[in-house]
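Below is one structure, written out as structure tokens; comments come after it.
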Amino acid sequence: MISGILNNAAPLLLAAMGGLFTELAGVLNIAMEGMILTGAFTAILVSNFGGGLLTSTLCAALAGLLTAWVFSLTSFKLRGNIFITGLGINILMPALTASFSQKIFGNQGIIHPGSLRHIPSTAGLDLYTWGTLACTGAVMFILYRTYPGLTLRASGRQKDLLKSKGISPEKVQTAAVLISGMMCGISGAILSLRLGAYVPGMSAGKGWIALVAIYLGYKKIPGIVAACIFFTAAEAIANQAQGILQIPPSLILSFPYFFTLMGLGLFAILKKRRQ
Amino acid sequence: MTEPVSYSSIVLTEITRSFRKNGIKACDNISFSVKNGEILAIMGENGAGKSTLMHILSGFMKADRGSLVFPADPDQNHPSVGMIHQKPILAGNLNVWENIALGHPQKSLVVKPAELSSSIRRIQENYGLALDLSMKGWELTAAQIQRAELLECLLLDRKILIFDEPTASLSEQQAEELLLLLKRLKGEGRTILYITHKIKEAYHLADRIAVLRKGKLKMISPVGEISPEAVSEAMIGKGAEIPDMIRKAERKTFSEAVPVLELKNINYSHQGSIRLKDLSLQLHAGEILGIAGIRENGLACLEDLITGAVRPQSGKILLKGKMIPYLTPFRFRKHGISYIPADRLKRGASLDSTLGENLILLKRKLEGNAGSYKTKLIQWAKKLISKGEIEGQAEQKVRTLSGGNIQKMILVREMHEAPALLIISEPSWGLDFSSREKLHYQISNARSRDAAVLLLTTDIDEILILSDRIAVLTGGELSETAPAGQDWNRKTIGERMTGADRL
Amino acid sequence: MNPSEKKEFRLPPVFLILLLCIAAATGLILLLSNDPAEALYYFFPGIFSNRLYLGNFLNYSVLLSLTGLGIIIAFNAGSFNLGGEGQVYAGAICAIAAALKFPDLPSGAGIIMMTLCGTAAGALLAALSGIMKSRWQVNELISTFLLSAGITKVIDYLILGPLSNPDSYLITTGEIPLQYRLPPIIPPSHFNLSFLLVFILIPASYFYLHHSRGGYELRMIGYNREFARFGGLNLGMYDTAPLTVSGALHGLTGAIAVSGTYFAGILGFTFGLGWNGIAVAMIASRNPAYLLPAVLFFSWMTQGARVAVLQSDLSLELGNIIQGVLFLLISSQALRGLQKKRDPL
Amino acid sequence: MHKKLTILYIVSILTAAILITGCKPKAVAKENSEIQLAVFVPGVLAGSPTYEMMDKGVRKAAEEKAAEVKTVEGGFNQAEWKSQIMALASEKKYDIIVTSNPAMPEICREVKKIYTDQSFLILEGSKIENDTVSTFLFSHLELAYLHGYFAGLVTRSEMPGANSDLKIGLIAGQEYPEMNQKIRPGYLQGLQAAAAGAEVDFRVIGNWYDATKASDLAKSMFESGVDVILTIAGGANQGVISAAKEAGKYVLWYDADGYAIEPGTIIGSGIIREDIAAYEQTQLALRGELIEGSSVYVGVREGFIDFLTESDLYKSYVPEKVRLAQDKVIKQFKNGQLQLR
């Protein structure tokens, strides 16, 4: 049960870690959804043409990076509204992958390569979960113990600070978006490679939930980890509940959102009390 | 003015920079050079172009025209210039050592906290700059931020240091310490550019004085060769007289009636540390009560408390004898209190709104029969703009105004309606002579119209000029209030303020 | 470029960006379609080619204007309403529930009842986030989104379960009584009298925001919260009220979508009105005065894509690709050539 | 400010005007002699075998008569379908619009009220009295019954993935009328016939694409003792398959040949012959013999619904005992002994 939740939380956590970079750089990254989907598609595509786990994952990261590059180009270079360009990525990428898929497979829907790739696992957690946990540690190290990390944490919305240190805020933001693109790409790869198939729309709102987790965790890594696990656990409980409770299954689908909202509210109330 | 290049650490030639928005030249054809190991005081009124020039020197801005050469530095890339800003720039969510690390030359990617802290500590010990390195940026006071910036510059071993009005937010004692430190830095062969309004400081410290006015270099001369009068004339222009600093305004004896503002036994602590201890005070109509103190030693906290930004754990706040159980800024303003905050740009102005919209804040109900709210607003704003002598249009964004004009805007907004209670925090931060004079005149005028004025300031001169009664706040405790006059002078207040200065 | 040149360029840039978007769409169609002439025809003037398309285009514009206006109002007070989707959906379902519960009222009363119920539902949802924001400083960006995502599932359940129409194979509620339906102006499309609301509410909002005291206060909070707070504005009210109004407008949109367009609650039927409302609000730079052109352009592009997908060889994906690229370009300040900008977030 | 605004408005109107007048309408109306057919897919074609079969059937019939076919994908938002059908009808160039979904008859009838000349053929649609559209209905009760019966046999069997619990699963993308009124009851009825007292664990994903969630649901069901799941969840089916494969359990594929998708995991598959239905009905229509308002209701007996037992994969993974029992019940349907409508 616990290892299951951790496994399920991995793609969400990875996306949230990527989103943390953009959030610290003061970029509202709603394009994560599109980036995850792009990663998921690319991973399966490469896997289908014989790529191993590593190759597929790396290619997914690359695809996420490319998507992020388009996003940063239109948002920073062309100075578009970050919300609209984000929506644009979210509309564009699924459509693009479908067209690609049509060109390559003659099929826009599910891509299901012949064989499932086995993902090695130890102690109930698979390679990707371990990878994500390691990555979370690495992000922690990068943000708190490296110079670029410090710069990123300092940047936030204070562009003057960076300028006074001779750093271009735009460059920091672009870098953050590119990193988040890469991590979202891998997050997508986890989704599709674990499943052994690509299903259009399979990111199913993970980009949004990752964003919520970042806020829920107050942009601190332990908080974000907790938020991701909390949300995944709520979903797991809801999944179990469908089999046990006499509540209509459709209604149970709303629980994770309400639980999370209640958690957010309670946390805020406690925080206020403490002051 | 043409010293041999080899002795100079900075050579500026025809530096010009104009602002795109209004085309005004902030720096106009400025040429001079700075010698190695000298302290050059740069003086000028608000908007004279001092800050812009320094930003160009530090590499933060680019000049439109002209050349800037650092003869001692082969890279010419501003690396040897360190700046201690007037408006401190620092990341609130990072602690001190992280902030210092930000500017550190990055030989490796990885930060080594232990190594870094120990080298910072070495500098701290060496120069006597006490500061808790683990404090977060947002917790720091202006003085501490300054210290952090100075530490960063020293860690990087900057040969050229620029100080932008460093004593503005310091207590007397702290300021003196700083000036001593500057002399020591000079002795180490560093070049120091020192921006200030205070002639006295310039004479005390500098080797040469440069005066800027309206973007032009008016004069540059060794201290010994020029009189203070000549400097101020260069700053303000011919014909303008420097009014007597200390206005002997008529001091009223205040009535014994109900105090306008009364605090009773206020206790306030934040996150375990006591900020205000058993604080009581009374403020009557027609008097100015000056509270001298250091921002971090309770003054900022007192400001927040009276305006309702924070709530005391115990104690009472009474307005006109009426107890206000739950004071918020909203209720505070509802009682018609005027407030000039220390933080002008955040609390005092909305930079992205128009000048008119900023001026209207306290007077949201506008009379007049014709036209929409907007036309009435503009009419009203025009009236205040001319009254406050603000250089700007009603529909101009405040962001495009100069600092001095923003200050004027806040003043005219808060003062024109003859408030019954006026709370002023650090009134003359960033003001030049004449503006400061005008402000002091306005404050004493308000008193003459029977307003009760609470003056919170770190500036001892200001307290002495203006106050009827004076108290000193140290370590969260308020001293006895005593009438201005013999009891209080620079020395006694300074000692009080610094005696408890444990920072 | 010197400053004076830039000033002369102030007006045409908006025109430029529109042309640029059209050019981008044209380019993509030429690239993607096998019969570009036909696809182009349907994409651009296509919506004017028959009454149905024109009416649908106008009708969609009406709905989008209202949600966009809701976003704009909250945004001016510094609140970002990310829960538009759920609020529209909730407004719609409440309007339907009310209509089904009281099916025998006279036409006018029934429509008013539905409208009020829908508006109230949307308002209530957003008000909840507003209260959480003002009392406990819960970030409204998240609370509106979570509330909306959760309530969407609840409404899905209602449509599947308690409110479902057993006689229909659609996943839908029962249809509202005939007399509660707004008559179409351009049949067979559903464009109806509710467009009058747009012509009332947009100018009213513009007037309120830019020419009234309340609007002034509201915008001050959006500009600088601290300043407004110490200027003595009641933040609690302005954290709640604009969000509530925003929710109300979304709820209203849901209600008129029911009484004017859909007549029944099909699963997920209001999808997109919330997100696209945010998009048009952003294009309109949060000023109601720019909203209508933004909406018309946006709606033209999306409806044009739909017509082109139906009638030419453009597939659903190609339509979305074009739409996605338009989203990427449409808000570009650099392309507009406007120097002045302010970070929206 | 206001000037800017006015210009903005004028610009938007002008741009629109330029395009209306500047862009010449292309030859929209094709030659009238040619027969035009439209296939409306309520969803997307890709990944949906039944819609692909429909499209194939119509195209095959059209080819024979040199008619032209335009296939339009409507997407998953049901609320859009009506306006899309309306748009197709408003073009007035299609002789017949073919579509497939239980929900389509009511939509098409509405549209028909406005565009009275338009003919519709709806597969998977049920008729009403004095109908104006032609419908063709398959018995989902029978298909679900066959699945339920087979699942009952499997859960009772000694197959490696089967356990002692008499529990089988059904996963749906969403709840919808067909699911609640036909498939669930039919499935349960079939199950009871094969294994009395057994129960069905029914779960819903909430959409048709969240495969990860489908996989989680399936895992949770397997943990609670389910050994075979009928999955009707569109793209999310992939999640069920991968969970089943991992757990060594079984999946039933509903309406198209699914054995090859995951041999050994998908051990049962039904089929709905939409291609034949579409082909035959389109032929009728092209000959002008399709009567408006006609309706057909077919099941196993007529050969339009089947449980696929001829596949080698089926034979190699399902024990003979189970196969024989399943053959028996299929035969009962084929010869009319059993009929569920």
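Labels for the chains are A, B, C and D, by order of writing; each one numbers its residues from 1.
Basically, contacts are C-beta pairs under 8 Å (C-beta built on N, C-alpha and C of every residue); 3 or more make two chains touch, one makes a residue touch a chain.
Treat the numbers as computed from the prediction; the structure is a model and nothing was measured.
Asker: Moving only from a chain to one it touches, give the least number of moves from chain B to chain D.
Answerer: 2
Asker: Using only Cα atoms to place each chain's centre, name the chain farthest from chain B.
Answerer: D
Asker: Between A-D and B-C, name the chain pair that shares the greater number of C-beta pairs in contact.
Answerer: Of the two interfaces, A-D and B-C, more C-beta pairs touch across A-D.
Asker: Once you find the CA centre of chain C and the CA centre of chain D, what distance in Å lies between them?
Answerer: Using C-alpha averages as centres, the distance is 33 Å.
Asker: Between chain B and chain C, tell me the centre distance in angstrom, where each centre is the average of that chain's C-alpha atoms.
Answerer: 47
Asker: Taking the mean of the C-alpha atoms as each chain's centre, how many Å separate chain A from chain B?
Answerer: Each chain's C-alpha centroid was found; their separation is 45 Å.
Asker: If you look at chain C, which of its residues touch at least two other chains?
Answerer: In chain C, the residues touching two or more other chains are 153, 156, 160-161, 315-316.
Asker: What positions in chain D touch 2 or more of the other chains?
Answerer: Touching at least two other chains: 44, 174-175, 206.
Asker: Using the touch rule from the top of the page, what pairs of chains touch, sorted by label?
Answerer: Taking the chains two at a time, the touching pairs are A-B, A-C, A-D, B-C, C-D.
Asker: What part of chain A is in contact with chain C in the complex they form?
Answerer: Chain A reaches chain C through residues 28, 70, 74, 77-85, 87-96, 98-99, 102, 108, 157, 205, 208, 212, 215-216, 248, 250-251, 253-255, 257-258, 260-261, 264-265, 268-269, 271-272.
Asker: Using the touch rule from the top, collect the residues of chain D that touch chain A in their complex.
Answerer: 44-48, 174-175, 201-204, 206-207, 209-213, 215-217, 219-221, 224, 235-239, 241-242, 245, 261
Asker: Would you mind writing out the residues of chain C in touch with chain B in their complex?
Answerer: 3, 207, 210-213, 215-217, 219-220, 223-224, 226-235, 339, 342
Asker: Can you tell me which positions in chain C touch chain D when the two form their complex?
Answerer: Checking each residue of chain C against chain D gives 10-11, 14-15, 18-19, 22, 37-38, 40-41, 44-45, 48-53, 56, 153, 156, 160-161, 164, 166, 168-172, 187-188, 262, 266-271, 289-290, 292-293, 296-297, 300, 307, 309-311, 315-316.
Asker: Give the list of chain C residues in touch with chain A in this complex.
Answerer: 132, 135-139, 141-143, 145-147, 149-154, 156-157, 160-161, 275, 278-279, 282-283, 315-321, 323-335, 341, 343-345
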